[in-house]
Amino acid sequence: MMADSKTILRLLKTARGQLDGILKMVEEDRYCIDISQQLMATEAILNRANKEVLAAHLKHCVQQAASPQERNEKIEEFVQTLGRILK
Amino acid sequence: MMADSKTILRLLKTARGQLDGILKMVEEDRYCIDISQQLMATEAILNRANKEVLAAHLKHCVQQAASPQERNEKIEEFVQTLGRILK
Amino acid sequence: MMADSKTILRLLKTARGQLDGILKMVEEDRYCIDISQQLMATEAILNRANKEVLAAHLKHCVQQAASPQERNEKIEEFVQTLGRILK
Amino acid sequence: MMADSKTILRLLKTARGQLDGILKMVEEDRYCIDISQQLMATEAILNRANKEVLAAHLKHCVQQAASPQERNEKIEEFVQTLGRILK
(Lines give C-alpha, C1' and ligand atoms only; values in the text may rest on other atoms or scores of the structure.)
Protein backbone atom coordinates (compact mmCIF):
# COMPACT_ATOMS: atom_id res chain seq x y z
CA MET A 1 0.00 0.00 0.00
CA MET A 2 2.91 2.34 0.76
CA ALA A 3 4.01 2.82 -2.87
CA ASP A 4 0.42 3.61 -3.92
CA SER A 5 -0.21 6.10 -1.14
CA LYS A 6 3.03 7.96 -1.95
CA THR A 7 1.84 8.49 -5.54
CA ILE A 8 -1.62 9.50 -4.34
CA LEU A 9 -0.26 11.97 -1.76
CA ARG A 10 2.04 13.50 -4.39
CA LEU A 11 -0.89 13.99 -6.81
CA LEU A 12 -3.11 15.47 -4.09
CA LYS A 13 -0.38 17.89 -2.97
CA THR A 14 0.15 18.99 -6.58
CA ALA A 15 -3.61 19.57 -6.92
CA ARG A 16 -3.65 21.59 -3.67
CA GLY A 17 -0.76 23.73 -4.91
CA GLN A 18 -2.62 24.39 -8.16
CA LEU A 19 -5.81 25.22 -6.26
CA ASP A 20 -3.89 27.82 -4.20
CA GLY A 21 -2.66 29.29 -7.48
CA ILE A 22 -6.21 29.41 -8.89
CA LEU A 23 -7.51 31.17 -5.75
CA LYS A 24 -4.81 33.81 -6.28
CA MET A 25 -5.74 34.12 -9.97
CA VAL A 26 -9.39 34.77 -9.05
CA GLU A 27 -8.40 37.31 -6.37
CA GLU A 28 -6.19 39.09 -8.92
CA ASP A 29 -9.10 39.10 -11.39
CA ARG A 30 -7.11 37.20 -14.02
CA TYR A 31 -8.54 36.23 -17.40
CA CYS A 32 -11.48 33.76 -17.09
CA ILE A 33 -10.30 31.41 -19.84
CA ASP A 34 -6.90 31.01 -18.11
CA ILE A 35 -8.62 30.28 -14.77
CA SER A 36 -10.88 27.73 -16.46
CA GLN A 37 -7.88 25.95 -17.98
CA GLN A 38 -6.12 25.74 -14.62
CA LEU A 39 -9.31 24.34 -13.07
CA MET A 40 -9.45 21.63 -15.73
CA ALA A 41 -5.76 20.80 -15.19
CA THR A 42 -6.44 20.42 -11.45
CA GLU A 43 -9.43 18.18 -12.08
CA ALA A 44 -7.29 16.01 -14.38
CA ILE A 45 -4.86 15.50 -11.47
CA LEU A 46 -7.72 14.61 -9.10
CA ASN A 47 -8.99 12.13 -11.69
CA ARG A 48 -5.56 10.51 -11.79
CA ALA A 49 -5.52 10.39 -7.98
CA ASN A 50 -8.98 8.78 -8.03
CA LYS A 51 -7.80 6.21 -10.57
CA GLU A 52 -4.83 5.35 -8.30
CA VAL A 53 -7.10 5.07 -5.24
CA LEU A 54 -9.50 2.74 -7.05
CA ALA A 55 -6.65 0.70 -8.57
CA ALA A 56 -5.25 0.24 -5.04
CA HIS A 57 -8.70 -0.90 -3.91
CA LEU A 58 -8.91 -3.51 -6.67
CA LYS A 59 -5.35 -4.72 -6.15
CA HIS A 60 -5.57 -4.96 -2.37
CA CYS A 61 -9.17 -5.39 -1.21
CA VAL A 62 -10.50 -7.34 -4.21
CA GLN A 63 -7.42 -9.36 -5.11
CA GLN A 64 -6.60 -10.27 -1.50
CA ALA A 65 -10.15 -10.90 -0.28
CA ALA A 66 -10.23 -13.69 2.32
CA SER A 67 -13.20 -15.47 0.69
CA PRO A 68 -15.29 -15.43 -2.53
CA GLN A 69 -18.11 -13.86 -0.47
CA GLU A 70 -15.87 -11.02 0.70
CA ARG A 71 -14.57 -10.55 -2.85
CA ASN A 72 -18.13 -10.40 -4.10
CA GLU A 73 -19.01 -7.70 -1.57
CA LYS A 74 -15.95 -5.65 -2.52
CA ILE A 75 -16.81 -5.93 -6.22
CA GLU A 76 -20.44 -4.87 -5.57
CA GLU A 77 -19.21 -1.84 -3.67
CA PHE A 78 -16.78 -0.99 -6.46
CA VAL A 79 -19.56 -1.28 -9.07
CA GLN A 80 -21.58 1.31 -7.12
CA THR A 81 -18.61 3.68 -7.25
CA LEU A 82 -18.30 3.00 -10.99
CA GLY A 83 -21.96 3.98 -11.35
CA ARG A 84 -21.19 7.36 -9.77
CA ILE A 85 -18.19 7.89 -12.08
CA LEU A 86 -20.16 6.92 -15.19
CA LYS A 87 -23.30 8.94 -14.49
CA MET B 1 -24.23 -13.37 -18.41
CA MET B 2 -27.64 -13.54 -20.12
CA ALA B 3 -29.36 -11.18 -17.66
CA ASP B 4 -26.54 -8.63 -18.02
CA SER B 5 -26.48 -8.70 -21.81
CA LYS B 6 -30.27 -8.22 -21.97
CA THR B 7 -29.96 -5.00 -19.94
CA ILE B 8 -27.00 -3.87 -22.04
CA LEU B 9 -28.79 -4.59 -25.35
CA ARG B 10 -31.87 -2.73 -24.14
CA LEU B 11 -29.79 0.34 -23.22
CA LEU B 12 -27.90 0.27 -26.53
CA LYS B 13 -31.13 -0.04 -28.54
CA THR B 14 -32.60 2.91 -26.62
CA ALA B 15 -29.47 4.94 -27.38
CA ARG B 16 -29.68 4.02 -31.08
CA GLY B 17 -33.33 5.08 -31.19
CA GLN B 18 -32.41 8.42 -29.61
CA LEU B 19 -29.53 8.86 -32.05
CA ASP B 20 -31.92 8.35 -34.97
CA GLY B 21 -34.13 11.03 -33.44
CA ILE B 22 -31.17 13.42 -33.10
CA LEU B 23 -30.17 12.88 -36.75
CA LYS B 24 -33.71 13.85 -37.74
CA MET B 25 -33.57 16.92 -35.44
CA VAL B 26 -30.35 18.08 -37.15
CA GLU B 27 -31.79 17.46 -40.63
CA GLU B 28 -34.91 19.46 -39.66
CA ASP B 29 -32.64 22.27 -38.38
CA ARG B 30 -34.16 22.10 -34.89
CA TYR B 31 -33.02 24.35 -32.04
CA CYS B 32 -29.34 23.73 -31.04
CA ILE B 33 -29.97 23.68 -27.30
CA ASP B 34 -32.63 20.96 -27.71
CA ILE B 35 -30.26 18.89 -29.88
CA SER B 36 -27.49 19.30 -27.29
CA GLN B 37 -29.80 18.07 -24.51
CA GLN B 38 -30.77 14.99 -26.48
CA LEU B 39 -27.08 14.28 -27.15
CA MET B 40 -26.35 14.44 -23.42
CA ALA B 41 -29.30 12.15 -22.65
CA THR B 42 -27.94 9.63 -25.17
CA GLU B 43 -24.46 9.80 -23.68
CA ALA B 44 -25.94 9.20 -20.22
CA ILE B 45 -27.49 5.98 -21.55
CA LEU B 46 -24.18 4.89 -23.10
CA ASN B 47 -22.48 5.60 -19.76
CA ARG B 48 -25.00 3.33 -18.04
CA ALA B 49 -24.37 0.65 -20.67
CA ASN B 50 -20.61 0.99 -20.10
CA LYS B 51 -21.12 0.65 -16.34
CA GLU B 52 -23.14 -2.55 -16.90
CA VAL B 53 -20.46 -3.93 -19.25
CA LEU B 54 -17.68 -3.25 -16.76
CA ALA B 55 -19.74 -4.57 -13.84
CA ALA B 56 -20.28 -7.80 -15.83
CA HIS B 57 -16.52 -7.99 -16.40
CA LEU B 58 -15.77 -7.63 -12.69
CA LYS B 59 -18.45 -10.11 -11.65
CA HIS B 60 -17.56 -12.76 -14.22
CA CYS B 61 -13.94 -12.45 -15.33
CA VAL B 62 -12.47 -11.10 -12.07
CA GLN B 63 -14.67 -12.93 -9.57
CA GLN B 64 -14.48 -16.27 -11.39
CA ALA B 65 -10.81 -16.15 -12.40
CA ALA B 66 -9.24 -19.62 -12.35
CA SER B 67 -6.13 -18.49 -10.45
CA PRO B 68 -4.76 -15.47 -8.51
CA GLN B 69 -2.45 -14.82 -11.52
CA GLU B 70 -5.38 -14.70 -13.94
CA ARG B 71 -7.33 -12.50 -11.53
CA ASN B 72 -4.35 -10.19 -11.29
CA GLU B 73 -4.15 -9.87 -15.08
CA LYS B 74 -7.88 -9.11 -15.31
CA ILE B 75 -7.57 -6.45 -12.61
CA GLU B 76 -4.57 -4.85 -14.37
CA GLU B 77 -6.55 -4.72 -17.60
CA PHE B 78 -9.52 -3.21 -15.81
CA VAL B 79 -7.30 -0.56 -14.20
CA GLN B 80 -6.15 0.51 -17.68
CA THR B 81 -9.78 0.95 -18.72
CA LEU B 82 -10.40 2.94 -15.54
CA GLY B 83 -7.50 5.20 -16.53
CA ARG B 84 -9.24 5.96 -19.83
CA ILE B 85 -12.53 6.71 -18.06
CA LEU B 86 -10.86 8.97 -15.49
CA LYS B 87 -8.67 10.97 -17.87
CA MET C 1 -25.44 26.75 -40.77
CA MET C 2 -25.06 24.27 -43.66
CA ALA C 3 -21.32 23.64 -43.12
CA ASP C 4 -21.89 23.04 -39.41
CA SER C 5 -24.81 20.66 -39.87
CA LYS C 6 -22.84 18.61 -42.43
CA THR C 7 -20.08 18.02 -39.87
CA ILE C 8 -22.63 17.24 -37.15
CA LEU C 9 -24.54 14.79 -39.37
CA ARG C 10 -21.30 13.06 -40.34
CA LEU C 11 -20.31 12.64 -36.67
CA LEU C 12 -23.77 11.36 -35.70
CA LYS C 13 -23.79 8.84 -38.57
CA THR C 14 -20.35 7.60 -37.54
CA ALA C 15 -21.61 7.20 -33.96
CA ARG C 16 -24.67 5.31 -35.19
CA GLY C 17 -22.48 2.96 -37.24
CA GLN C 18 -20.31 2.30 -34.18
CA LEU C 19 -23.38 1.70 -32.03
CA ASP C 20 -24.63 -0.91 -34.52
CA GLY C 21 -21.21 -2.56 -34.27
CA ILE C 22 -21.37 -2.56 -30.46
CA LEU C 23 -24.85 -4.14 -30.49
CA LYS C 24 -23.41 -6.92 -32.65
CA MET C 25 -20.44 -7.31 -30.29
CA VAL C 26 -22.81 -7.74 -27.32
CA GLU C 27 -24.98 -10.23 -29.23
CA GLU C 28 -21.84 -12.21 -30.15
CA ASP C 29 -20.78 -12.16 -26.47
CA ARG C 30 -17.47 -10.46 -27.27
CA TYR C 31 -14.91 -9.52 -24.61
CA CYS C 32 -16.26 -6.91 -22.14
CA ILE C 33 -13.15 -4.71 -22.17
CA ASP C 34 -13.33 -4.43 -26.00
CA ILE C 35 -17.02 -3.51 -25.82
CA SER C 36 -16.28 -0.90 -23.15
CA GLN C 37 -13.58 0.68 -25.34
CA GLN C 38 -15.92 0.92 -28.31
CA LEU C 39 -18.56 2.53 -26.08
CA MET C 40 -16.05 5.16 -24.95
CA ALA C 41 -15.00 5.80 -28.56
CA THR C 42 -18.66 6.35 -29.49
CA GLU C 43 -19.19 8.72 -26.57
CA ALA C 44 -16.11 10.69 -27.65
CA ILE C 45 -17.74 11.17 -31.08
CA LEU C 46 -21.02 12.29 -29.48
CA ASN C 47 -19.04 14.74 -27.34
CA ARG C 48 -17.49 16.18 -30.49
CA ALA C 49 -20.93 16.42 -32.07
CA ASN C 50 -22.22 18.21 -28.96
CA LYS C 51 -19.30 20.64 -29.10
CA GLU C 52 -20.10 21.41 -32.76
CA VAL C 53 -23.80 21.91 -31.93
CA LEU C 54 -23.01 24.30 -29.08
CA ALA C 55 -20.37 26.13 -31.14
CA ALA C 56 -22.99 26.63 -33.87
CA HIS C 57 -25.37 28.00 -31.23
CA LEU C 58 -22.80 30.50 -29.99
CA LYS C 59 -21.76 31.56 -33.49
CA HIS C 60 -25.28 31.94 -34.84
CA CYS C 61 -27.77 32.60 -32.06
CA VAL C 62 -25.48 34.49 -29.67
CA GLN C 63 -23.31 36.31 -32.21
CA GLN C 64 -26.24 37.32 -34.44
CA ALA C 65 -28.76 38.17 -31.73
CA ALA C 66 -31.02 41.05 -32.80
CA SER C 67 -30.65 42.92 -29.49
CA PRO C 68 -28.55 42.87 -26.28
CA GLN C 69 -31.65 41.52 -24.48
CA GLU C 70 -31.97 38.62 -26.90
CA ARG C 71 -28.23 37.94 -26.64
CA ASN C 72 -28.53 37.94 -22.86
CA GLU C 73 -31.34 35.38 -23.00
CA LYS C 74 -29.32 33.15 -25.34
CA ILE C 75 -26.29 33.36 -23.05
CA GLU C 76 -28.41 32.51 -19.97
CA GLU C 77 -29.80 29.49 -21.78
CA PHE C 78 -26.32 28.41 -22.82
CA VAL C 79 -25.07 28.77 -19.23
CA GLN C 80 -27.79 26.35 -18.09
CA THR C 81 -26.59 23.82 -20.67
CA LEU C 82 -23.01 24.36 -19.45
CA GLY C 83 -24.24 23.56 -15.94
CA ARG C 84 -25.53 20.21 -17.15
CA ILE C 85 -22.22 19.45 -18.93
CA LEU C 86 -20.15 20.42 -15.88
CA LYS C 87 -22.16 18.57 -13.26
CA MET D 1 -17.83 40.76 -11.57
CA MET D 2 -17.69 41.04 -7.78
CA ALA D 3 -20.73 38.84 -7.13
CA ASP D 4 -19.37 36.14 -9.47
CA SER D 5 -15.88 36.10 -7.97
CA LYS D 6 -17.31 35.81 -4.43
CA THR D 7 -19.18 32.64 -5.43
CA ILE D 8 -16.12 31.29 -7.23
CA LEU D 9 -13.79 32.00 -4.28
CA ARG D 10 -16.24 30.34 -1.89
CA LEU D 11 -16.39 27.20 -4.07
CA LEU D 12 -12.59 27.07 -4.43
CA LYS D 13 -12.08 27.46 -0.67
CA THR D 14 -14.57 24.66 -0.01
CA ALA D 15 -12.70 22.45 -2.51
CA ARG D 16 -9.37 23.28 -0.81
CA GLY D 17 -10.80 22.38 2.59
CA GLN D 18 -12.04 19.06 1.21
CA LEU D 19 -8.67 18.39 -0.41
CA ASP D 20 -6.93 18.93 2.95
CA GLY D 21 -9.37 16.41 4.43
CA ILE D 22 -8.60 13.90 1.68
CA LEU D 23 -4.85 14.27 2.24
CA LYS D 24 -5.44 13.44 5.90
CA MET D 25 -7.62 10.44 4.94
CA VAL D 26 -4.82 9.06 2.74
CA GLU D 27 -2.20 9.63 5.46
CA GLU D 28 -4.44 7.83 7.96
CA ASP D 29 -4.84 4.95 5.46
CA ARG D 30 -8.63 5.29 5.39
CA TYR D 31 -10.88 3.10 3.26
CA CYS D 32 -10.26 3.56 -0.49
CA ILE D 33 -13.93 3.77 -1.47
CA ASP D 34 -14.49 6.61 1.04
CA ILE D 35 -11.44 8.49 -0.29
CA SER D 36 -12.70 8.02 -3.87
CA GLN D 37 -16.12 9.45 -2.94
CA GLN D 38 -14.55 12.52 -1.35
CA LEU D 39 -12.40 13.02 -4.45
CA MET D 40 -15.52 12.93 -6.65
CA ALA D 41 -17.30 15.40 -4.36
CA THR D 42 -14.32 17.77 -4.64
CA GLU D 43 -14.28 17.47 -8.42
CA ALA D 44 -18.01 18.25 -8.51
CA ILE D 45 -17.26 21.50 -6.65
CA LEU D 46 -14.44 22.37 -9.07
CA ASN D 47 -16.83 21.69 -11.97
CA ARG D 48 -19.30 24.15 -10.45
CA ALA D 49 -16.51 26.69 -10.03
CA ASN D 50 -15.53 26.18 -13.68
CA LYS D 51 -19.14 26.66 -14.76
CA GLU D 52 -19.29 29.94 -12.81
CA VAL D 53 -15.98 31.13 -14.33
CA LEU D 54 -17.16 30.37 -17.87
CA ALA D 55 -20.59 31.89 -17.23
CA ALA D 56 -18.85 35.08 -16.03
CA HIS D 57 -16.77 35.04 -19.23
CA LEU D 58 -19.87 34.77 -21.42
CA LYS D 59 -21.79 37.42 -19.47
CA HIS D 60 -18.95 39.93 -19.34
CA CYS D 61 -16.48 39.39 -22.18
CA VAL D 62 -18.91 38.08 -24.80
CA GLN D 63 -22.00 40.10 -23.90
CA GLN D 64 -20.10 43.36 -23.43
CA ALA D 65 -17.67 43.02 -26.36
CA ALA D 66 -16.90 46.42 -27.91
CA SER D 67 -17.43 45.20 -31.49
CA PRO D 68 -18.79 42.18 -33.43
CA GLN D 69 -15.15 41.29 -34.28
CA GLU D 70 -14.16 41.25 -30.63
CA ARG D 71 -17.26 39.21 -29.77
CA ASN D 72 -16.37 36.76 -32.51
CA GLU D 73 -12.86 36.32 -31.11
CA LYS D 74 -14.21 35.75 -27.60
CA ILE D 75 -16.68 33.17 -28.89
CA GLU D 76 -13.93 31.35 -30.86
CA GLU D 77 -11.80 31.22 -27.73
CA PHE D 78 -14.72 29.94 -25.69
CA VAL D 79 -15.43 27.23 -28.29
CA GLN D 80 -11.84 25.98 -27.89
CA THR D 81 -12.39 25.71 -24.13
CA LEU D 82 -15.64 23.86 -24.80
CA GLY D 83 -13.68 21.41 -26.96
CA ARG D 84 -11.42 20.65 -24.00
CA ILE D 85 -14.40 20.14 -21.68
CA LEU D 86 -16.19 17.87 -24.18
CA LYS D 87 -13.23 15.70 -25.14
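As written, the chains take the letters A, B, C and D, and residue 1 is the first residue of each chain.
Throughout what follows, a contact is a pair of C-beta atoms (placed from the backbone, for glycine too) under 8 Å apart; a residue touches a chain by one contact, two chains touch by 3 or more.
Since we're looking at a predicted model, the values are computed, not measured.
Work out the mean CA point of chain B and of chain C, and you get 16 Å between them. Chain B and chain D have Cα centroids lying 27 Å from one another.
A separation of 21 Å divides the Cα centre of chain A from that of chain B. For chain D, the set of residues touching two or more other chains reads 47, 50, 54, 78, 85. Chain contacts here close into one cycle, and each chain has exactly two touching partners. Here the touching chains pair up as A-B, A-D, B-C, C-D. Those residues of chain D that touch chain C in the complex are listed here as 44, 47-48, 50-51, 54-55, 58-59, 62-63, 68, 71-72, 75, 78-79, 82-83, 85-87. Of all residues in chain D, those touching chain A in their complex are 1, 5, 8-9, 12-13, 15-16, 19-20, 22-23, 26-27, 29, 32-33, 35-37, 39-40, 42-43, 46-47, 49-50, 53-54, 56-57, 60-61, 77-78, 81, 84-85.
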